[in-house]
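Reviewing the structure listed below.
Letters A, B, C and D mark the chains in the order given here, with residues in each chain numbered from 1 onward.
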Amino acid sequence: MLIVMKSGASASEIEKVLEVIETLGFRGHSLPGANRTAIGVTGNSGAIDPAHFENLAGVAQAIRVTQPYKLISKDLRPERSVIKVGNSTIGGPELAMIAGPCALEDHEQVFSTARIVAESGARFFRGGAYKPRTSPYAFQGLGEDGLKMMAEVRDQFGLNIVTEAMDEHGVDAVERYGDCIQIGARNMQNFSLLKYVGQTRKPVLLKRGLSATLEEFLLAAEYIMAEGNYDVILCERGIRTFAAHARNTLDLSVVPAVQRVTHLPIIVDPSHGTGRNYMVEPLARAAVAVGADGLIIEVHPCPEDALCDGAQALTPGQYLGLVEQVRRLSEVMSESTAAHAGK
Amino acid sequence: MLIVMKSGASASEIEKVLEVIETLGFRGHSLPGANRTAIGVTGNSGAIDPAHFENLAGVAQAIRVTQPYKLISKDLRPERSVIKVGNSTIGGPELAMIAGPCALEDHEQVFSTARIVAESGARFFRGGAYKPRTSPYAFQGLGEDGLKMMAEVRDQFGLNIVTEAMDEHGVDAVERYGDCIQIGARNMQNFSLLKYVGQTRKPVLLKRGLSATLEEFLLAAEYIMAEGNYDVILCERGIRTFAAHARNTLDLSVVPAVQRVTHLPIIVDPSHGTGRNYMVEPLARAAVAVGADGLIIEVHPCPEDALCDGAQALTPGQYLGLVEQVRRLSEVMSESTAAHAGK
Amino acid sequence: MLIVMKSGASASEIEKVLEVIETLGFRGHSLPGANRTAIGVTGNSGAIDPAHFENLAGVAQAIRVTQPYKLISKDLRPERSVIKVGNSTIGGPELAMIAGPCALEDHEQVFSTARIVAESGARFFRGGAYKPRTSPYAFQGLGEDGLKMMAEVRDQFGLNIVTEAMDEHGVDAVERYGDCIQIGARNMQNFSLLKYVGQTRKPVLLKRGLSATLEEFLLAAEYIMAEGNYDVILCERGIRTFAAHARNTLDLSVVPAVQRVTHLPIIVDPSHGTGRNYMVEPLARAAVAVGADGLIIEVHPCPEDALCDGAQALTPGQYLGLVEQVRRLSEVMSESTAAHAGK
Amino acid sequence: MLIVMKSGASASEIEKVLEVIETLGFRGHSLPGANRTAIGVTGNSGAIDPAHFENLAGVAQAIRVTQPYKLISKDLRPERSVIKVGNSTIGGPELAMIAGPCALEDHEQVFSTARIVAESGARFFRGGAYKPRTSPYAFQGLGEDGLKMMAEVRDQFGLNIVTEAMDEHGVDAVERYGDCIQIGARNMQNFSLLKYVGQTRKPVLLKRGLSATLEEFLLAAEYIMAEGNYDVILCERGIRTFAAHARNTLDLSVVPAVQRVTHLPIIVDPSHGTGRNYMVEPLARAAVAVGADGLIIEVHPCPEDALCDGAQALTPGQYLGLVEQVRRLSEVMSESTAAHAGK
């Protein structure tokens, strides 16, 4: 059930609707928009009678929702969401650049990479303190020590920190030290973890699972939002197919598909999405051209020495070249959108 | 590193080897076989010098292992493992039948199904108390109340209880009430959860992820074993492909592939593996014929009323027909193996 | 449009219906069944008014068909088709065994393999004279010389010859020398070739394409039948997925799916379906257990010397072991079907 | 075997090398480059002794080639090929635009579309006269009448004609009326057809098969070139995966992968690659940004009336908007390449 308030509805009218929802044993989610507020109702197992709401003051319409998702939907919020992450945003007119090493290794590696990222004009620093590794014998990350380094990076360079959590303990730690909690592809349907991050108040970067359909991807976001955390950023990072020339097949068609259904922003990870150094720049350009809200890029001072995923990390020089190219494309995209809007 | 003891090595010689491993900062895993004991060494990031061990009393050989897995390997344990689950086993000569409803719904449903399962001669009862659901608004399971019902089923029917845990809280609860902890396909690479069940002493039924390669599947088992829990049963439950005539594509070739590499038993789930009622029986027959160690089958007193996955659950009559057919095929398979061995 | 005749309809009544169909500018396909004859109408671009037929003598019913296929459908012919191939059949109670080398290489190889195949009790000999090879520089087959050897094999051993044609010239040659024209997976949607074999009067073995959906597979058969050749045998030979432990993923669930929709027989090719010698026997057993009408198996006197696909060919000893196993399983399957029917 | 001539090698020296190749029973393919000529040798089943060539006049080097392909390789021809198609080229600095309806329907539809395509500045007109259709009962194209209309379009608008052939008869007809022979995705491994178009002297547009690996795609091109036709243009048109939000998954990573290995140009078909009208423009932008040499786009005066694939065809207005956007991106790409080259 979706309740659309009139454009002039008062705060107390909205409050009253939320009370009625609670009285019925359901949960209300108020999402203010530019012109009007919409209220999503969740927790009902079957249909709810719209008559409960239609005659309340300030209510424009009560709509039965048949799609499996509600909170992620453009029906609830027609404007695209701009998510605040630390002192910056993702989803607005500026292309969000998130860059850094795959895994945090030591102070020297972290700070030399952070300097390059800051100088490139990016606003977000990524780096894994807790690493999901296919083998139990592979490097598993620096843990909390890594998170403390990230917090220093924020203080010194003003970069906002995006880093992965793999379990409840990790979520607590990232919430303490970071600015955005990343949920990795392998945990996209770890429903307990989704619910747990849904109870934090830090934005969540949700990566698409290796074999997730569009609907499963959106419902994973819905899991987080249903717990009350509406700040979800989606991320395409390649799907698993028969094709072997890249580590994954980057599915750029999911960007317009996501934008058609949901108000949430979506970024692209061409580093994991291809797993090949030489493919990162062309696919980053393609991601910007297809309309993604940002990029997440692996950069490492010495890719050949990286403890994790060195084959795909860019050198500092390659990274700066990429930033220059995608900036130019992003400007052209904005001009053409502006020209289009001006017609 | 794999240390193979001589066939007459004493307990104290084995103990001594384990001590040396610990002194070096690594972890030793002793796996006794019919003729000899092998000791796997984990926790090393690089190669270990075999000279540390080759001159110790009772050591036959110290072998460098280049494969990414060790504990699951037939190199470590050439005989196939027979895993004790409650008062029965999986992996031995008898085909293991695990049956029950997808989700536990109420006392009546649970007990009427359990009666049929017990009467069919199966030794294991399955049923979900915690359900991984794609949508946050779908039925999420009875939780601990369901587990208590399962414990009653064990008391009343002598069936061993197999049920899924989705997080640490769930693992604790299943360890308390059940006989075998199931890790679902969506959590196959939830590495934190794998480590956690690796620290329990209940056997683990590990389902293959929807897009897991053979190596990823085996390394997930290795994660559990690396923590010290060696009782892992693998389960093929269908992979995600382009084919739409079934919900998943049941990959029966993984059974001989697994058996070639590992000593662990592998069972097949034709219910989730096809998602279609009419396919369950033929694919169950095929799974037995390909050489699986057991089957896990969904049965429901009234599939059309099921709160979860009703489309694939068998009616009691269909289930009993299936049991009859697979028993007969299993006998023929055993006869032909015996005839073969006798040649 | 599908016209079902009354069970006592006379030949002249059937003839009259066919005439009316032709007068309307369409094409009629008469398919006699055990109890009644059904007539499929093709060539119409839109719906046909059933009134044209309902009042003709002998007509029981005129049914509008909305599925994309007609001639392959069980609606047209509820009994399963038994296809005559040379002096034997495929689709009847007996499991059809088709065996031989991937590629024909020389007289010695062909005849020594044929002797083994004949001695095993198989009724069909396979072998490629025209080979579809991924590389233009790989061995392309013996061509017509190979077909002549196959014809000698038939004369000497009484085996029926199944061999692939890749183009119109090949179809003509196979029609001349062989008993069954195989259309390979890569040509499953070579619609010109499908139409061409549809105009021959030799049975066609149609292999499923590497990424063909069930519907595409059935429509490829429909292409052949729409030209008037109703003797089509389907063959599952593995699909392309992300899984790398086998060359293809053998999709056994397609067997019950096919049998649910069509009256055509379906066989399984575990040799190409797995591409691994050690997997052929277990998957052959599984194919029989799932209900396939036959098997097509690669056997070679010296697999290690094979010019094509040696990795998957069985040795003569392995092949004879396989035949023994599948025969036993096939008997059990027949007994249980008979028992079932007798209830 | 690859023979690289010295940069000053004379025509008669090259001729002499070709003669020696022929004498040895192989086939020589001379491919002149900007600085030097390379000669590929094909037709050998095993290794050839480089000594046959190394002492001939004008030979710089004789290189053994271990990759499965030779003629498509950058080793043979380091410069990117620019293919002449009618009075224009594909593979040069200008983005090639190929546009038109999926299927040719009638004079009015063909000419009204051609007018829009010509006015947009595109140099190539596409349109199917022979249509590969999944169902035998779907519209199969206008055949030769359609080709005659295409020839009129060339005369009237100066557009070069790109159209599909499905069999030898079709190749002959397209060679007569058109400028570029398209081989569709379903025929990518129709090796007989590849050889046949390899014997024509019209350029070939080769579409990637739905489940073709990179190597299979390149070897299909090699098939054509091995017959002596070196004018091959590759085309990515989407692969088959589990993802259902688009008809196919457009694999843009194949563009840099192809460009790394081969000198042949590659274009992208976002219309078939997505099958969704609203995705065509964003994916066309992405294809240009990733570095494709051109685009092939379906446009139809009234998509909702189209006899084939209407769901993906652009309206004239949408098409003109797309052209404007991709032109601007293409300019930016060229500027940045130029800037890069100038450094």
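Observations, loosely collected:
Rule of thumb we're sticking to: a contact is a pair of C-beta atoms (placed from the backbone, for glycine too) under 8 Å apart; a residue touches a chain by one contact, two chains touch by 3 or more.
Being a predicted model, the structure only gives us computed values, none of them experimental.
Of all residue numbers seen at the chain C-chain D contact, over half occur in both copies; the interface is built from largely matching residues.
Among the other chains, A has the CA centre that is most remote from the centre of chain C. For this pair, chain C with chain D, the centres built from the Cα atoms lie 35 Å apart. As a whole-number value, the distance joining the C-alpha centres of chain B and chain D reads 50 Å.
For chain C, the set of residues that touch two or more other chains comprises 211, 240-242. Against chain A, in their complex, chain D makes its touches with residues 211, 213-214, 239, 241-246, 249-257, 260, 273-274, 276, 278-279, 282-283, 285-291, 321, 324-325, 328-329, 332-333, 335-336, 340.
Residues of chain D touching chain B in their complex: 240-242.
Per the touch definition, chain A reaches chain B in the complex via residues 42-45, 68-69, 132-137, 139, 166-168, 170, 186-187, 189-193, 195, 210-211, 215-216, 219, 222-223, 226, 240.
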